[in-house]
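Common to both upcoming complexes is chain A, partnered first by chain B, then by chain C.
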Partner chain A sequence: MRPPHKYVVLVLGLILLALVILVAVGVGSVNVAPAEMLSILRAVLKGADPAQLGGQAVVIVGLRLPRVILAGLVGAALAGAGVAFQALFQNPLADPYIVGVSAGAGLGATVVIGFGLTIVGSQVLAVNLSAFIGALGISYLVYRIAYSRQGVSNLLLLLAGMAVSAFLSAVISLVMVFGSRNLAETVYWLMGGFTGRGWSELWLAVPCISVGLAGLWFLRRELNMLLLPEDDARSLGVDVGRVKVLVLGAASLMAAAGVSVGGLIGFVGLVVPHGARLVVGPDHRYLFPTSVIYGAVVMILADLVARTALAPLELPVGAITALFGAPFFLYLLSQAKAGRR
Partner chain B sequence: MQTVPFPLVIVDGAKNVLEIKEQPQRIISLSPGVTELLFAIGAGDRVVAVTTWCNYPPEAAKLAKVGDMNINYEVVAELSPDLVVADNSLQQTTAERLVNLGLTVLQVKPVNIVGILDSLELLGRVTGCLDQAQDLIGELTRLLAANRRRVENSPLAKEPVSVLVLLDPEELYSAGSGTYIDEVITRAGGTNLAGGVPGAWPKLSLEYVLAKDPEVILLTYGEPTDLVKNPYLRRLSAVKAGRVYLLDPDIYNRPTDRLIKGIPLLTELFLPVREAR
Partner chain C sequence: MQIQSTGLSVKFASAPILSDLTFQIAEGDFIGIIGPNGSGKTTLLKAIAGLLAPSGGVIRIDGKPLASYKPHELAALIGVVPQKSGVDFAFTVTEVVAMGCYAAYKADPLRMKDQAVTERVEWAMAEMDLLGLAERAVTSLSGGEWQRVLIARALAQKPRALLLDEVTTHLDIRYKLEILDKMRSLNEQQGLTIVAVLHELELAAEYCRRLLLLNKGVIVASGSPAEVLTQQNLAEVFGITTLGRAGIGVNKYQLATGVTESRRARIHVVGGGGSAAGLIQSLALAGYSLSLGAVNQEDADWEIGVWLGIPLAQEIPFAPLSAEVRRQNRELMRAADLIVVADLPFGPGNLGNLEDVLALAEQGKPVWLIDDPPIAERDFTAGQAIRLWQALKDVGAVVVGSESELLDRIAEGE
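Coming up: the complex of A and B.
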């Protein structure tokens, strides 16, 4: 292991992230020349109203910029939560949805869309809030099921998460049948994506994901301890029970925020941590930030492909991440097999 | 000449209060029905973009496209429309996101024939084409009244023709209550066999269809010969008597003036069934 190598990967990731953001804001179904884009951004920074600057300014400032930021945040959240859950469960198959956040968010969103509910006259707000509360509520329920005086049992968390998710997907199907007038919209929500999303989602995503990321960053050494057998960790002076609860809370918060604003987007939370682990190793002081940065890069790119591949038609971003993520995961598996030989 | 003053404050079909400052010059339509209504009242030359499903009138099909049920917000925003018009099929979240972009979104609510006439009036007011809209409303109202008299003075008044609508001759999907075609059949002097079945687009059982034995079958997809090939459906009276007709779904499934003008055509199909006896 050569430590400088890890920093190179991190710095490269940051440069890549900056580049990807610039490209993603500049490219889309509407063509905006780079010079035009910069002058729009400059004018808006000086306080100009995008609506007065014309259609292209609304596209850049009202749609693309917030969408790219949102995609980056959700990618970071899913990859970061994936790392945390994989450490917590000591299970390489753990993904951000393992404790039921996706099913909880799905139920929350489906109920609001299916029955046409609103909060203060806004359905966008209702969908986001209801999905978020559903996601957090369900992960707390799963946590309570797995909790006993001996602490949180990983096995119970895993099984309870699966059982609750299966139950909720049945409820979601029923809600979809009864709220069938809005069936198509529900299906599109469940497929995941960032179409039309932006500022009205960022108020939820920014605080929750920032708190989650910061929390897990402070716990990066403790995440390493979780990889040891519990007795060994205890003998090193780590309060394993407390660490588990904190990690679970931070990761669930991020995953819940991510899924409630982006829908169910698979594979980013699974593949990015594994890819990062291959390059920088299992030490969470490097693995966590690397996964977070590359998670953002991957999600912004996936969304870019989703909205440009067949423009002006938009594809569900979850389909793009699965389309590229699953083969890449298989490639990682074959590499791991070769390494074992 | 009646002039409509701008600025104008109106309440639209979604109960939103809108302020229209000037006569809209760049209109985007988000539904095929709305597109047809806009062209019918003479506002078509100010429509700048439509959906991929908007195929009538032919001029509309040539306009820029903003998507289908899922619209591309970037394309909409770049066109800087001063009015976006949709019907009640617009998703509420989509409407909100468009309003958040600073756009004026008008929703009409043509849920039935009367709703179509109301929508024409609202569109006429908002686009500054009220005169033409009222002319068209007058023409359609007279047409409806004339056809009602014709039905009332015919054997159809006492004994409406039983009608089966098939969206798909293989799967027996039909049009239930609340659909445009259901109301149109009733007004034309028929009884829709799927009118009392729950759901807008129910799938009927073969038993039900054979037991009810419709006198007329209206297809919106496929060919009348498809029914002759079917060993069960060919026993139906409508098939034996050759009373299977193919309707243009664009006319009979959209809330437009063409739908209303299509009612007398159905009455023409229904009358011979009674007169033949």
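Coming up: the complex of A and C.
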């Protein structure tokens, strides 16, 4: 019932994740050898102040480590949300980007940045909340448009997602024009990336993404059943209406948190689940953790490339993921066309 | 477990689909829901499965209203094998069948550990002969294999009742019978209640203990197949002429069906000994009004004639044709537009038939003779029948080589 290779893929992913974290924390404008890095981390964990340990410690603990963790979390969130949306909409082409959820979060963030809004003096908090509300609202809107008595229509879903995204990008443009004093910041945010992001984002991303991941893991059996026709799932005992709302809520929460701290980073939520499905199959008990772990790996690598490829220039991570993700996705599609799903 | 429907009504966009259905399904029953397309069969099944809310009335399971059950509670009682289902994702057969264990897991996650799931799934797959396909992707299965997967998935629910929605419709006859045989054995050996929407009346008659005949959302008849599949009901509901005959076993029917057309021609068939049975059925289905004679009671042709309710001249069993019966027979022949003499054997007892046909032929009544096998092989009257046959030909009776040729020529002559 459980071919061992599914576990192998998972364990391999965890090892890969650890390696990637080590490399990403160690490599950059200041290179730190793994042994040195570990001794610094050990010292910090024991309560030492990084500033006392020298420049390397400040770079690692103050800048790179939180950034790497953030990138990993966002990758996990986007891949996990992609898996969830694909199940919810019974469509392997659904990802947070395509169904307009990220665009909703983007609008929320743009409004806040563009007009310089703050909540209790914190713009970061305002961006997060606004992006979250945007993601939730837009995902619900698209879902309602595509929903009929017969269930969710894939065609309507894609069209509604496209239309809503197009509309939102128009609104985002307008907001950028009217809120032009922060234009550069907004544009940079929209391109997606982790430049200058750190602990302050992490404290916001961790709870939202943890709750979303835990919720979806808890619903892994139900995610499988959502891939069946709705009547089938109901007759098998799934409270479909409730499960759909929970999945939508958990996935939107993660997507909103991910996008609000990482900007609009595409393709991770589409390509990683797709690739994972090819290897471990569609059973979410394996697909979900596999996607989440490899989503983290991919995002950390993408961020590593973004900040080291043309250093000291930092590239937008969203451009990197699209640059590699789109051709890879086309390759997957050609595989599907050849009948190997 | 008992399913009870009281005044059940279902509407779609204010159009009534089911109106005021009251019926009961007892534990261990094998009940078939039949009716023409659009009569509400699938809707009724979905209502029983709790998949759509009635606009009126109530369905009770073991006395409790359906709506008061949680989805997983209902799934532990009722398994559904849908007509239309599919997955675009490449789950293995095992994974899909394992989804049948969801309700049990939901009810008691601690008891439904991997081991228990595996046992259930293997049992269900063995029941449906799927163990050889366990690791196959369901996206690569044939229609028949997928159908078996769906049934195994429902069996993995370990339900007390199984609802089947036209599961046999698109299958080859061999698979239809295999699946229904399996349902029968689950019903008889494990007391599983079966509620099956069936498209094929013959199969419904063969396998179901009770039938519910629906038309335009109301129950037209319910009861044993013999009570429900009457000519009158079928003509009324399906608009077809049916020929059914009680054969071996109470529920065994052979039903031949065709669309009723009204044709004016009346044909008198001279038969006996079962020689005309097929011909009578074919002519009846083609819409001709018929009469038959003269035949002995309990004879196979007589049985068909009685079943169809056509006028016939009948003699008591094994007796030679009496003058009175022959007179009745001539009356019937006179009223007909055409007399067809089937390829029956002639003996002293029924030779009178040929004499009477000759008498009418001489008066100008058209007569067609089926000469297959030739009359010489069917003459047990030392040549008298052959002489009468020749005399018929001499007065212009048409000889046709076979029954099918006759049917073709009659159709052309219309």
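As a convention for this text, the second predicted complex is superposed on the first by the 289 of 341 C-alpha atoms of A that agree within 3 Å, B and C clash if a C-alpha of one lies under 4 Å from a C-alpha of the other, contacts with A are read in each partner's own complex, and residues count from 1 in each chain.
In this section, a contact is a pair of C-beta atoms (placed from the backbone, for glycine too) under 8 Å apart; a residue touches a chain by one contact, two chains touch by 3 or more.
Small disclaimer: the values here were computed from a predicted structure and weren't measured.
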Looking at the combined model built on chain A, do chain B and chain C fit side by side or clash?
-> fit
Touching A:Gly116 in the superposition: chain B (first), chain C (second), both, neither?
-> first
For A:Asn182, is the partner it touches chain B (first), chain C (second), both, or none of the two (neither)?
-> first
Included angle at chain A between vectors to chain C and chain B, based on C-alpha centres and rounded to the nearest 10 degrees | 150
Touching A:Val127 in the superposition: chain B (first), chain C (second), both, neither?
-> first
Thinking of the overlay built on chain A, is A:Val30 touched by chain B (first), by chain C (second), by both, or by neither?
-> first
Which partner does A:Val58 contact after superposing on A: first (chain B), second (chain C), both, neither?
-> first
Which holds for A:Trp199: it touches chain B only (first), chain C only (second), both, or neither?
-> first
Comparing the two partners chain B and chain C, which touches a greater set of residues in chain A = B
Which of chain B and chain C A:Gly281 touches, first, second, both or neither = second
Closest CA approach of chain B to chain C after superposing, in angstrom, is 44
Which of the residues in chain A come into contact with chain B in the complex?
-> 28-30, 50-51, 54-56, 58-59, 62-64, 113, 116, 118, 122-124, 127, 182, 184-185, 188, 195-196, 199-200, 307, 311-314
Chain B residues within the chain A interface of the complex = 65-67, 69-70, 72-75, 77-80, 91-94, 96-97, 100-102
Can you check the complex and tell me which residues of chain C touch chain A?
-> 46, 49-51, 70-76, 78-80, 82, 84-92, 94-95, 98-100, 102-103, 105-106, 114, 118, 121, 137, 139, 153, 157
Provide the residue numbers of chain A that touch chain C in the complex, in ascending order.
-> 1, 90, 92, 221, 224-225, 227-229, 231-232, 234-240, 277, 281-283, 341
